[in-house]
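Each of the next two complexes has chain A plus one other chain: chain B in the first, chain C in the second.
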Partner chain A sequence: MFRLGKHVARILLTVLLGGILGATLLRVAPGFGVDEEELDSRLNDQSIRALRQEQQTDTNVITFYFRYLGRMLHGDLGISRTLRRPVSELLRERLPETAKSVTLSLALGWALSFALVILALMSRSWSVDLFGSVISGFLLCLPAAVLSVLFVMSRAPARLVLALIVFPNVYRYVRNLLLRSASQPHVLMAQAKGLGNFRIMLWHILWPAAPQLLALGGVSVSLALTAAIPVEALCDLPGIGQLAWKAALGRDLYLLVNLTMVVTVITLLANSASNLLGEAFRPSAA
Partner chain B sequence: MKWAPTLAVSLLALTAAACVLADVIAPASYTHQFRAEPDAAPSRQHLLGTDDLGRDRFSRLLYGTRVSLLLAPAAALLSSLLAALIGGTAGFRGGRVEKIVMSGTDLFLSLPWLFLLITVRALMPLNVSPIVSAAITFLLLGCLGWAAAARVVCADARSLRNSDFILLARASGSSGLRLLWRHMVPNLLPVLLAQFWISVPAFILTEANLGMLGLGVAEPLPSWGSLLREMQSYPSLAGNPWRFIPLLLFIVLVSCFQLVMVQEELPA
Partner chain C sequence: MKQHRFRIILVVISLLGAITAFAQSGSELRFCLHSEPKTFNPLLAEDDSSETIRYLTGGVLIRVDRLTQNAIPELATAWKISNGGRTIIFKLRDGVRFSDTTPFSAEDVGYTVRQLMDPALHSPTADSFRSGEGAVEIQVLSRNRVAITFPAPIAGLDKLFDQVGIMSAKSPQKEMAVLGPYHVAEYKAGSYVLLQRNPNYWKHDGSGKQLPYIESIKLDIQQNRDTEILRLLRGELDFINSLDAEYFDKILSQDSSMAHDAGVSLDSEQMWFNQVASSPLPDYKKEWFRSTNFRRAISEAINRDDLARIVFHGHARPAVGPVSIANKFWFNSKLQPHPFDPTSALQRLSQDGFQLRDGVLRDRQGHGVEFSLITNSGNKYRERMATMIQQDLAGIGIKLNIVTLDFPSLIERITRSFNYEACLLGLVNNDLDPDSQMNIWLSSAENHQWNPNQKSPATNWEAEIDKLMRAQASTLDSRKRKTYFDQVQEIAWEQEPFIYLVNRNALSAVSPSVHNAHPVVLRPQVYWNIDQLVLGNEVARKH
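And then the complex of A and B:
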């Protein structure tokens, strides 16, 4: 219970500090406090004065912080300057698309990594290990954006790109973890006693490595979400990655800061969940 | 495979030399447009053909590699120095200072890297001169890429702080600054060097991603990002294989950095 509280407190603190950081970025950004509406020639002096009066309420830094945080805690993330729509509405629209891509990529990336590592371990074949290492090494040298363009050019399913970005990073850690776990004395003992390969793999290699594998699971969520920007932008997938790219090109800071905050919270939740699960595994692993 | 890192360093040195001598080797300026020959195939005059504006691809490759090979290590040096300053101070001081600094670092690490980068990049003006855009891009990479390295440096500095030779130096009356400069820094150098080599390929890859998204180095100055961005105009993978030579060289160079990185990581 204490651990759960610690994780929740950490997330809340990050949101609070991130909110302040975000508000500072918005406050110091060029163009703050200027409304394009003022350029509307149909507005008379009185209306323009009223508009400026509205902007004046946010010029005090402290007031701005509290207003920004207050609005954020009430779910009001402001209005996108480029798209002229509420940020929360845009997020509701785009998040499911990214969630779908990220989930699929994580499932595929992890499955491919596990399949290759387990195959190499069980068959004790250096060629399988070399194949996995060469493929992952090659993929690590390719920027996500290049991989996306190559997929678009070859008309391959765009969602697979994210899986190929997750795979090499996960593969390297899973390989090293399971190789270390497999070289432990208790595994040799189990092999000497004549236990089956499947049983050794499940209970003597995978189980002790479970906490670290779960921690890696949390990290891979962050990895997939970050890679979603170039992939969705270049493969034309309407997710939050594409939204972030459009916001960056249009210097839509309200949208960008809020997107970063939302992705940070998702990342923290994933990391906390994997850490908590990992801690649950630890006593039995020891 | 002991020869692999040596080969990687040799290849990197050869490429760096070619880029330094770009003014001599390149057949044309990176901005010069041969208007009569857009999208030309390789020839004696244009070794890798020309792009859609008629610019010599080989010249642009040399100058682009120069920009990335010069600025990515500079950014890596900046981030390693920041990591040394923040992580080293936290690890050396220990106690509350270490806790506060490392909590801040953890918070910084929990922010998604590319989201943070494009947010801060968007804060800067996008319509600046090419050289300023290159400086902004790599400066941001250097300023935002220190956190992971700072954690490693802090852990190393912490273990050094508790080591016997530091205790002996303290007992001999060495002051804090002398301890830091004479005993800590030389022992932290292998870790910092490893972090430097880890950062270089990471920054080259990130710049390539930013460049392909139109948020990196501005045209007409070539960089890896803008060179690879050209791929977006190709209709398919088939035909004109010479257009993919920049990508091939990119993969080879990043692989070389990865190989050097593995070699540096082992002793650290």
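And then the complex of A and C:
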């Protein structure tokens, strides 16, 4: 219970710090507090001054942040300056899209990685291992933007791009972990005694590697979330990644701070969950 | 057994074909918005996407005919401007209803104008009507007659109503109840806006059939222009309203029947020098930039024909001044683009004491002439133009450094810190009337970009422009206005505070399945006659 409390406190502190850091970075970025609309020749001087006045309300980061936190406690996440809509509404619309993409990419990336590694281990075929390594190496070399453009041009489902970004990163670790686990003396002994392949794989290779695999699971969530930003922006997927891109370009303080916090919370929750689960696995594995 | 399977496959294929055909028969026009619409409120629309939706859904009292550039009656069957240009009286069309069946009356016009002129509403549409201090008076004279009196005369008042989508005073649906050809039926944030035909739209064709012909419009929110082109070529979109030269040529090479070049548009590309006295530039550079000879010399050293030919693939024309040749009435036809003449440029520079020594141009104090030109990053045309200007200026010994900045940083420099030397940007012109350029030409204006917010005009020629711009705005006689604005154009040509480079052509692409499309130079280029457009599968039904 104490351990869980410590995790929650750490998450809370990191999120609060992440939020203020995000706000500070945006505040000091060149072009903060200006609006493209100012160049509209139809606007008269009073309107331009009113527009500028509106932008000046959030110039002090500390004041902004405390006011923001106070409003957040009442469920108000502020209004997006660039999209002129409540941030809570935008998050409600966009989060499910990103959740779908990230979940699908994690499921596919992990499934593909496991399938290739297990196939290589069970068949003891170097060609399968080589195939997996070449494919993952090739995908690792391809920038997310290039993959996105290729998918758009070939009309392939854009959500799969994320899976191809997750796969090579996961594959390398899974391969190394399971290979090391498979070369342990007790596994060789079990094979010599004629235990079934499935049983050896499940209880003597996968089970001992479970804590590390769970830790990798946490990392892969943040990897998929980070990759979602350029992929959604390039493939026109209406998720929070696309929103973050627009918020950064438009210096949208409320939107960007909220998105920073959301991404931080998800990343930390995923990592904490994998750590806690990993710790739960350890005693039985030992 | 094999034969049985084959039959099942055939049935499945036929069913799929039938479903596809049914889906396509719904007469849906598809094109793209390049960003999320910020609002559906017609009075607040200022971004391109919101303006597109306003055009397709909003009913207006008067429309500017995009072909003839004249005002034509829409919801107002007649109007009269009186009281020295301060009052406009509208006679409204009878029997018109909003999309939710609420009847349309003079009260709705009064309500819309009251909302529009709310001092707290800082929208470009509203600002076009703010000619002086004081309140706007609205008198509902009868169910179908309304008089609006502004505190000061407004030049070109009737055409300004082209931008005002009338809202209902009584409808519970508020701004979603519309008088235009379509109404918003569905909006999925980040994905699309679906418009459905307004069942109460008042217009009918010659045979009495209610307009518009097309059942619905799906506006896909698509930022990526490459994807948009691909989708058009695959037949997933029906048109692209505005295209860059490169994309235009790509479409032209693949299917020439789709590509439409309507000719030179109202938009211009220009550069200017920072003449702000308080800017953090060295004094000798401020002196260069304030010199008419220096600006004229830079202008003459730039080969505009090459910019149009190479950067815009021939789909642009050397610019003359603040008004494009496409603006039939207001363009000063006496003026010609500044010729490319490096020899004359050097002569002008020598009048100010500049000398070309060892390939480097130096001022009287011996400073080598070097300055930076900022422009917005990601705009490949401006980046290419800057590179060509760099080469042209190198020819007269000037070193030009190109700096690309993201838009917010660039705006900060040209409007707040004034920490820049020269800037290359474009002017998107939606309005034909020079009154829309008041905030650019008045020396006291925020958008007088080379030297904004002057307490009193810094130069005699700026004082003269102030006088002429105010004079043209205070008279209703269009001939007099034209004479005044012609003089403004002449001063701008002579002094070159803005060095106008090119006017881009209005390029668009329209699928052959869209009939009655006649792309024009004024926005919205392709769908200005949206209620007359017909899709291929609708032609038979129409006739």
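Heads up, the rule we're going with is that the second predicted complex is superposed on the first by the 237 of 286 C-alpha atoms of A that agree within 3 Å, B and C clash if a C-alpha of one lies under 4 Å from a C-alpha of the other, contacts with A are read in each partner's own complex, and residues count from 1 in each chain.
Keep in mind that, in the parts below, a residue touches a chain if its C-beta (ideal position, glycine included) is under 8 Å from a C-beta of that chain, and two chains touch if they have at least 3 such contacts.
Bear in mind that the values here come from a model prediction, so they are computed numbers and not experimental data.
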Inset, instruction - Answer with first, second, both or neither: which of chain B and chain C does A:Glu97 touch in the superposed model? - result: second
Inset, instruction - Look at A:Ser222 in the shared chain and tell me whether it touches chain B only, chain C only, both, or neither; answer first, second, both or neither. - result: first
Inset, instruction - Have a look at where A:Asn44 lands relative to chain B and chain C in the superposition and call it first, second, both or neither. - result: second
Inset, instruction - Identify the partner contact of A:Phe138: answer first if only chain B is touched, second if only chain C is, both if each is, neither if none is. - result: first
Inset, instruction - Would you check which partner chain A:Val8 touches, where first means chain B only, second means chain C only, and both and neither mean what they say? - result: neither
Inset, instruction - Look at A:Arg84 in the shared chain and tell me whether it touches chain B only, chain C only, both, or neither; answer first, second, both or neither. - result: second
Inset, instruction - Using the superposition described at the top, list the residues of chain A that contact chain B and also contact chain C. - result: 30, 149, 153, 233-234, 249, 251
Inset, instruction - Enumerate the contact residues on chain B facing chain A in the complex. - result: 107, 110-116, 118-123, 125-126, 201, 205-206, 208-209, 212-215, 228, 231-232, 234-237, 247, 250-251, 254-255, 258
Legend entry - Interface residues, chain A side, partner chain B - complex: 13-14, 17-18, 25, 29-30, 137-138, 140-146, 149-150, 153-154, 222, 225-227, 229-230, 233-234, 244-245, 247-249, 251-253, 256-257, 259-260, 263-264, 267-268, 271
Legend entry - Residues of chain A touching chain C in the complex: 30-51, 82-84, 90, 93-94, 97, 149, 152-153, 155, 233-239, 242-243, 246, 249-251
Inset, instruction - Would you mind writing out the residues of chain C in touch with chain A in their complex? - result: 36, 38-39, 46, 122-125, 127-128, 130, 188-191, 221-224, 226-227, 230, 234, 405-412, 415-416, 425, 427, 430-431, 436-437, 439-440, 444-447
